[in-house]
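Each of the next two complexes has chain A plus one other chain: chain B in the first, chain C in the second.
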Partner chain A sequence: MSDTTTGGRIASRMPAFLRRADPAVATAFACIVLLLFLGGLYSPNFLSPEYILQQFKVASFLGVIATGMMLVVLLGQIDLSVPWVVAMGAMMACAAAAYGPAGAALAIPFGVLCGVLIGVVNGIGVAYLRIPSMIVTLATNAVVQGLMVVYTGGFSPQDSAPATIRYLATGFAVPGVPNAVVIWALIGAATVFALTRTSFGRAVYAIGNRERAAYLSGIDTRRVVMIAFALSGGLSAFGGVLLAGYASKAAQAMGDAYLLPAIAAVVLGGTSILGGRGSYLGTVAGVILITLLQSILSVMQMPEAGRQIIYGVVIVAMLLLYGRAPANR
Partner chain B sequence: MKDWRYWIAEQRGALLAFGIFLVMFTIYTSNHPAGLTANVVQTASNKGVLLAFVAMAQTLVVITAGIDLSVGMIFILTNCLASWLVVGTPAETALGVAAVLLAGLLCGAVNGAIVIFGRLQPIVATIATGAIYFGLALLLRPFPGGSVNEDLADALTGRLFGVLPASLVVLVMVVLVVWVPFRRSVTGRAAYATGSSELAAYMSGVPIRRARFAAYSLSGLLAAIGGLFLTFFTYTGEAAYASGNAYTLFSIAAVVLGGVSLFGGRGSAVGAIFGALAFRTIGDLLFVFDFDPLWQPLFQGVVLLFAVSLGALALFRVRNRLEWFG
Partner chain C sequence: MAGTVPLFRMEGISKRYGGVRALEKADLTVEPGRIHAILGENGAGKSTLIKVMAGVVSPDEGRMTMEGRPLVFASPAAANQAGIASIFQELSLVPELSVADNIVICDPPKKFGMIDRRAQRRIAEAALARAGADDIHPCALVKDLPLSRRQMVEIAKALARRPRILILDEATSALAAADVARVFSVLKRLRTEGLALLYISHRMNEIAELADECTVFRNGRNVATYAAGTRSEHEVVELMIGREYSHVFPAKPERDFRGATPMLECRNLSWTGRLNDISLTVAPGEVVGLGGLDGQGQRELLLAFFGVLRGMSGKIMVNGRAVRITSPAAARGDAIGMALIPEDRKTEGLMLPMSVRENLSFAALDRLTTAGVIDRAAEQRMIDDMVKLLAIKTAGLDIPVGALSGGNQQKVVIAKWLMRQPGIILLNDPTRGIDVGTKQEMYRLLRRLADEGAAILFYSTDYDELIGCCDRVLVLYDGAISRELTGSELTEHALIASALNLAGGKPGVSPGAAA
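Now for the complex of A and B:
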């Protein structure tokens, strides 16, 4: 990277923790602070602990979904089946809860399992059939949409989310911290552990850099890719379950608003869309950044049109700041 | 090998898409209660050309090994713009059409500039610009409405000489005016070369930037033609998020069905057009068989999944396992 050579002299004077920080992640966090500062100028409410905690809660849904997306992006693939897997996770969990106490107990695992199943189909298509992930996941998204439309009869399902799911998304097991945030923290910790401390995580980065080399060094690359897609499907579905608990019901198009923000969050956090490079801390920064941006714009009562435009401009601008590919040779 | 065999090898994807379309359309018309009448063909072509234009737009970018996830939003934006501008006297209407096409070209050029000069990955950059274009569309049409020059709309969605669907004629004309010259120009060749191997193209002094910029800009133009036609069919403009997204996704599906390689450098817009028409016909098949329309999305999805799985057949040609990893 040219940045490290030109910035070498300045970097050597900085404290150690700053020197080690990824410039992309640092920029993302700087942008979060800037957003909070601008929001604080508009209204001091933006800096209140209640508001920030509320943002963390809203961000945790996107955070869970973006975790799965990040695993897949690290491999150099992409998962476009997020919208309907999210909706399916929510619908199936709510549907299972209607079958008595046993159904209620198994509602969450059942919803997640459905997502894992779709993820496995994606994984088989990408890893074993060698079809580009963009196409496979697009097709499975269409199939899941079809299944859900047939299942619901074209209407939003009337099953409301059971109490357990609502508690999971909105309750407070630890005083003062919403459960959704706790869940996101747990999933995040597990992901960081898996990515940095296990052979699976090493394999994910290796495949993202060069699958051929990873294969030749003895990694069963196809299995790793399939597991990553299965995890992505499961996490998307779990995000859907949480969303159902938050909104207290499942709806048909509830996942549509999560595909692009999930990709944007991963990429804004410095993960290369070509794979092999990126840290979970960056994804956390990306998720918070996007959630804050959406929230501040809606609090300012910006109409939907303006929100979309600013949202797009900010993403382009931020990527131009630090997401650029190296110049031509 | 003889010349024609080369030609067939090159056009295999397009010919396959044409074959699928022919079979599907035959099944469709033979089971349609009205049979093969001019009316049936006109309706089918009017539905098909919208996706065909967007799929052509997608093809141009995909050939350079990029992807444009904002085509659906450019399509929606130009639809909203047309519902304001394409009205009034013939002169005003003509100016309006020109302005709409120019707007599409501009949207494509912005995509191209960001991807080429900003050096961002196309998939992320066009997601972001897609949000911007949709925002602009909402700004133009917060609520569905507007109008269009109905004489022009009826002329372009009607029939020529009582049999030929006018929309199909326009589609062929656009192919002849936009696609064929592009394909035969140095820029078009450069676009294919860039898609096959950007490094090799760069080393050979191929004008990579010009080729990619032209591909993105023309893609915007083609999406705008699609947007114009949407206005001609509906007489209104509507900033529908779901519809824009669906067209983006369907355009990728049509491109794949049409034998255009997502890795770049292979395929043609003609193939993508047949891919789009085949995809639309598949969706309509259920209606002639009197199935519950609820099953349509599932059927469409399963057919799509099956079609893309056919791509796995290439694995049988692999002699060395390392070829798995491209």
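Now for the complex of A and C:
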């Protein structure tokens, strides 16, 4: 910590938050500012507080889902079961709400629990059966899709979201701040705490960096992997519940638009797709960036196909950019 | 020899890896129609020599000639082209492909750009016949063949490249006695056909049966070449002794551990043929060494204790109580209190991109947490203690551990386990690739931990270290304990002799696999 080297001297003059900032996170935040600036040139509405608050609200659904994705990506795995776990969370919560007052009270926990169960199945497949996560989560996604289609008989579910769920997504418990944003903030704070202050968080990073070293250090690596997948499933389902509240009803394909953005947000935020490296702040930046990009593209009336192309290109470009960083492995 | 040009000659070949010299001005001459055996202890330079000949590594200096013409290999394929084929201990066959596919895998015969399957089969049949394995069908899948047959395919694959020099590196170590005899008759026939064979083995009886001449390596240099049978086993061992050392070891206390209840004990430990019926004890305060040549089951034995291996038979006892250790998590637990310093700190000991702090406290986190939350003040205290205790030199606790020097990285690996105050410490070659100063610190540390009551099981490939550090050394050969050495028996001569499983090591021990 002494000022013996030039590098040390320069570094010590910089503010602490800049010294610790990950270049990837800084890039993501810079892109957000740039997008807002470009949007502002197009229409001054993009810089109004109402618009920005609205974007935060829309971002919070993706934020909740991306949180789970980030845990799994930190392990060096991936969760492709997001689309139908999101839909299942929404549909199951709405379905439970139809069963009287008890059902309404338990609607949210029930939806989340269904997601956790799918996550546990994913986790068992990856950690204990050693199936590549890309395969097992793709398979569970298909299975859940099938189950949901059977449940609805091929039609859109008639159950609309009950008042509690709608309040959770669109109400204002804190004046001026949508509940969805508050929920994302709470989940985010809990995640930051878990990743930096608990042995679970350390184990997640350790497994992502070098699973063998973590195992030989006496960590129950399989349990950690399973918990991470269970959390990812639970958070996806909870994201679905919130979405149902936002849209007032659950729909079959409602999760399809969240898989690629969730992965993109995590990766844009500087989390290594190989695992072991990344911060939650980066994921927050990635989520906001993706949401803004989506919004601005739709305001500019870019057709859906164009949006998909831009997504894919941005992800590949960012992976190439970050992939060039010197690796310590 | 004057006047005639030898088939192959290397002169003044040197190769360094960092500060370690693997070969130092080594010379070797290979003649056709002869079987030439290479001898030497761990780290004498045998494997580097072969890698240079096979084009896997390029030497720093020196030259190689084939019939007087200079040779420079850019790749293993270039060495093949020049007529040098090698067979390594680990098989290089693709199990899912057929025997014929494997034999011609480097250079398949082609017709119109496609593989000519008929020609391929012809080549394979010829090569198999030459390898004395014409009973193997060329279309059989390699995965369906037993290990000994695969070894024959490996030889056929090498022969299909029409080599003039064939290198066999421990090529028989996986074979049973009857198969060894078959391989030998093939090798002898190849010799009469005029092939030059370079044979590396640690089985002295095999060398006695096969070799025409022998070259002994020591410290990366060839120290003697002699016609087979002109030196006694005792003389051969003397030639192999004499690595240069400048270490100072802490004094060993005079103690008798025989009465004490062993802290760590195993009985009849066996595992899939890699460990055979191993029984040993380590008393509190005792440093027990594991010796022998590399890869005789030492690593597996340590992993067996640490709960990593599945399907193991035998009994492990801690403080006289039988225990079942099913995972490293169980091994490190309070009931057992075991620590393993693994072989490769970069892949098994540390998470290199993570900080020094996170690495140091990682194995002891369960003791620093309440309900999963890390007590950062307690963590800092323990880390400070360890950094001071082991004198770890680091620019800070939050830099990646990968930025430290090798010696300091190894100190971090040891420190992270000492945080748990383990009663039983297993070490897998902990001083490999670290500087002399750190080595000596480590020797003193081991002795101090033993004096404080720890039971230490210490595998080292460095014989001098075993002699200097250990109260007792168990020498492993072929997955079994071939000899136990204590007190004045613990000499380099005895260590090497028993590592080679020579009768001179201990009377009455039969060689591992007599041909």
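The criterion applied here is as follows: the second predicted complex is superposed on the first by the 296 of 329 C-alpha atoms of A that agree within 3 Å, B and C clash if a C-alpha of one lies under 4 Å from a C-alpha of the other, contacts with A are read in each partner's own complex, and residues count from 1 in each chain.
Methods note: a residue touches a chain if its C-beta (ideal position, glycine included) is under 8 Å from a C-beta of that chain, and two chains touch if they have at least 3 such contacts.
Fair warning: this is a prediction, and the values are worked out from it, not measured in the lab.
In the superposed model, A:197 makes contact with chain C only, not with chain B. When the shared chain is aligned, no partner comes close enough to touch A:114: not chain B, not chain C. Touch criterion met: A:319 reaches chain B, while chain C stays clear of it.
Once the two complexes are overlaid on the shared chain, A:71 sits clear of chain B and of chain C alike.
Legend: residue contacts after superposition of the two complexes on their common chain; A:135 is shown touching chain B, with no touch to chain C.
By the touch criterion defined above, A:250 lies against neither chain B nor chain C after alignment on the C-alpha atoms of chain A. Ranked by how many residues of chain A each touches, chain B and chain C are led by B.
Of the two partner chains placed by superposition, chain B and chain C are both touched by A:212. By the document's definition of touching, of the two partners only chain C reaches A:276; chain B does not. Counting contacts by the rule stated earlier, residues 212, 215-216, 327-329 of chain A appear in both its interface with chain B and its interface with chain C. Residues of chain C that touch chain A in their complex: 306, 308, 327-329, 331-333, 340, 342, 347-354, 358, 362-363, 365-366, 368-369, 372-374, 376, 396, 400, 402, 416.
Residues of chain B that touch chain A in their complex: 67, 114, 118-121, 123-125, 127-139, 142, 199, 202, 241-242, 245, 249, 252-253, 256, 262-263, 294-302, 304-305, 308-309, 311-312, 314-315, 321-322, 324-326.
Residues 1, 197-200, 202-203, 205-206, 209-210, 212-220, 276-277, 327-329 of chain A are the ones that touch chain C when the two sit in their complex.
Those residues of chain A that touch chain B in the shared complex are 78, 80, 125, 129-132, 134-136, 138-147, 149-150, 153-154, 211-212, 215-216, 221, 253, 256, 260, 263-264, 267, 273-274, 303-313, 315-316, 319-320, 323-329.
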